[in-house]
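Read through the structures below before going on.
Below are two complexes that have chain A in common, paired first with chain B and then with chain C.
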Partner chain A sequence: MDTNDQFSKQVKSGTNIQENKKRYETLMDKVCLMAGVVTGILQLESTYGFLAFLITYLFTILLYVIGICGGHPGLFYENTISDLLFDNFTRELMGFIMAWTFSFALIG
Partner chain B sequence: MLADLWSMLLSGGVATATAGAVAELTLDPQLKYWVLLPISVVMILTGILRQQVSVLIGSGVKGQPRVKNTEAQYMMKAQVLLGNGSNISDESFQERKEYLSKTLASGKYVARSKAAKPGETVNPFNDPGTADAMMSMAKGNMASFIPQTIIMWWVNHFFAGFVLMKLPFPLTLRFKEMLQSGVMTADLDVRWVSAISWYFISVLGLDPVFNLLTSENTDNQLGMMQTQTPQGTDMVSQPAQVESQMKALANDLTIAQHECCFDNVEARVLRMYN
Partner chain C sequence: MSFLSKAIQYIAIIVILHSGFSSYEFHQTAKQLSLDSISNVIALPIDIKYEAIAGLLLFIISVFVSFEKIEYYSLRRQEGHSIETLSQGQYLKYITLNKATDRDNMINSDPTGDVSYTPNMVHIHEKRKQMRDWIQKQQETS
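== the complex of A and B ==
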């Protein structure tokens, strides 16, 4: 069947994908900084703190994919896994550690 | 239990493992208000200032000679035709293809400066555009590392020699030298750190904070980036190179196969709604 398949593919707007990434990054920044502050206030140490980060991070992704992307993140991002899971990981971890250390020292 | 095991693993050395329980220090609460908060505030304000300064010293939209624009736009036109040609009908594509390949191959719109003879290469460092680009890059670098150096010196100078805070996570002994600089105790656990380590943690972790504080400017930045990208291609603009690029484009155009998106469009629409 020669229905030239290259024209059946969906074309995604690069500008919109950039914008979506930016929105996601800002949301993650907020969530992870707040999670860090909360972890510090709760005086969680070492493993428990990092576990709190991992749980927050993964849970937020889950909620984002289900709630905001409506279960179809592929519509809004090009490489869903790397865009949502890996790209911001180090950045958010560092932000979390900073907020955690800060509130841990202030409260403790 | 798990946490203890983890900390033993991380701290690695036999010395801390045998020491068992970590010694608790009592810190003056005034340290938080007169060291921890000031360093944080200064770092955040410096970061914001740096962003504003980099906007100020950043080069705005620069004009360029009309011939340069014509040259760049003709090349872009060819690339766009190659990329999106499938959206126009066959006759239109053939017409554009013929015209563009002829024009590009003849080198009609290559921007030649009057001083340079054909075939002679111009020193790229004499080009004011390149010099400007390099200058703005250097200025950007300066704007980022001068404040860092100054704050580091400030923290090291004013807040050295005492333990400021306890980190909520254990670190290996290797960090001791860096994070406990100025604290002359050989056996103190690495978790008790001096002011410079708060500086390091802030440097690494403040990116999200800056993003939240300056998020209203990001729309502008995105737009600015888009308008500036075409100028970035002008870094190498030797007439000879441009001419050969144009010839290559003309070749690509002449051998380009056209496939219109309206071919078999009925079949695709029917399949979509089937």
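== the complex of A and C ==
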């Protein structure tokens, strides 16, 4: 029985992992783009802008883990820290900077 | 995406656009004023800041509300029965294979169906019985 449990814990469904990652990525894309627009509206510059990104990013992850994953991200993601925190970081930062500079230039 | 999340999203976008327009107007005025006066250190009014942040928060809430618990239709429901949805009560899909297989069982999806339902494999015992009967009949007639 123990060996059976061990076996079933190790085997993962690749399709479901990909689908969960995709849903998270879509959510983060939307939030970070809008956060960039708002940062531009507030005319934040240099460090404050990046701080705004970090705060939004971490706040969204926290909400996601509590609200969508029900506090157990390990059930839906293989490597929780890497999948949620680091994998999409550069992608979201680039999106944020694009929206930030765009709205900054439009308003200022 | 539910009606509620769409409604919140529209409100959020309107709030953000409004704060953006206010910010634009403010900066245009500030530029004009700075030409006349010496001090050009005028901060963005706090209500515009709050409006923009409230808009972002509303947008984030709308994105989260748009997540719905995943529901399935049973693949082999009987005719005449009402269409009822099945759900594991989760927003995402379980990654462990035993839980993923639970889902397949729940909606009657057979991952090995392409083998199990190959025409040659269906009712194999029935076909063998027919063949035995046919051979027996042939032998009796001969």
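To be clear about the criterion, the second predicted complex is superposed on the first by the 99 of 108 C-alpha atoms of A that agree within 3 Å, B and C clash if a C-alpha of one lies under 4 Å from a C-alpha of the other, contacts with A are read in each partner's own complex, and residues count from 1 in each chain.
What we mean here is this: contacts are C-beta pairs under 8 Å (C-beta built on N, C-alpha and C of every residue); 3 or more make two chains touch, one makes a residue touch a chain.
Everything numeric here is computed off the predicted structure, so don't read it as measured data.
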item	value
Joint occupancy of chain A by chain B and chain C, clash or fit	fit
Contacts of A:Gly70 with chain B and chain C, given as first, second, both or neither	second
Partner chain in contact with A:Trp100 - chain B first, chain C second, else both or neither	first
Inter-chain angle, chain B to chain C through the CA centre of chain A, in degrees rounded to a multiple of 10	80
First, second, both or neither for A:Gly108, with chain B first and chain C second	both
Partner chain in contact with A:Gly49 - chain B first, chain C second, else both or neither	first
First (chain B), second (chain C), both or neither touched by A:Ile41	second
Touched partner set for A:Lys30, first chain B, second chain C, both or neither	both
Partner chain(s) touched by A:Val11 [first = chain B, second = chain C, both, neither]	second
Lowest C-alpha to C-alpha distance for chain C against chain B (Å)	9
Residues of chain A at both interfaces, chain B in one complex, chain C in the other	8, 15, 19, 30, 43, 106, 108
Contacting residues of chain B [partner chain A, same complex]	2-3, 6-7, 10, 32, 36, 40, 86, 164-170, 198, 201-202, 204-209, 211-212, 215, 218, 222, 226, 259, 261, 263-265, 267-268, 271
For the chain A and chain C complex, residues of the former touching the latter	8-9, 11-13, 15-17, 19-20, 23, 27, 30-31, 34-35, 37-38, 41-43, 56, 59-60, 63-64, 67-70, 75-78, 103, 106-108
Chain A to chain B touching residues, read off their complex	1-4, 6-8, 15, 18-19, 22, 25-26, 28-30, 32-33, 39-40, 43-50, 91-92, 94-102, 104-106, 108
Partner chain A, residues of chain C touching it in the complex	12, 16, 19-20, 23-24, 27, 44, 48-49, 52-53, 55-56, 59-60, 63-64, 67, 90-100
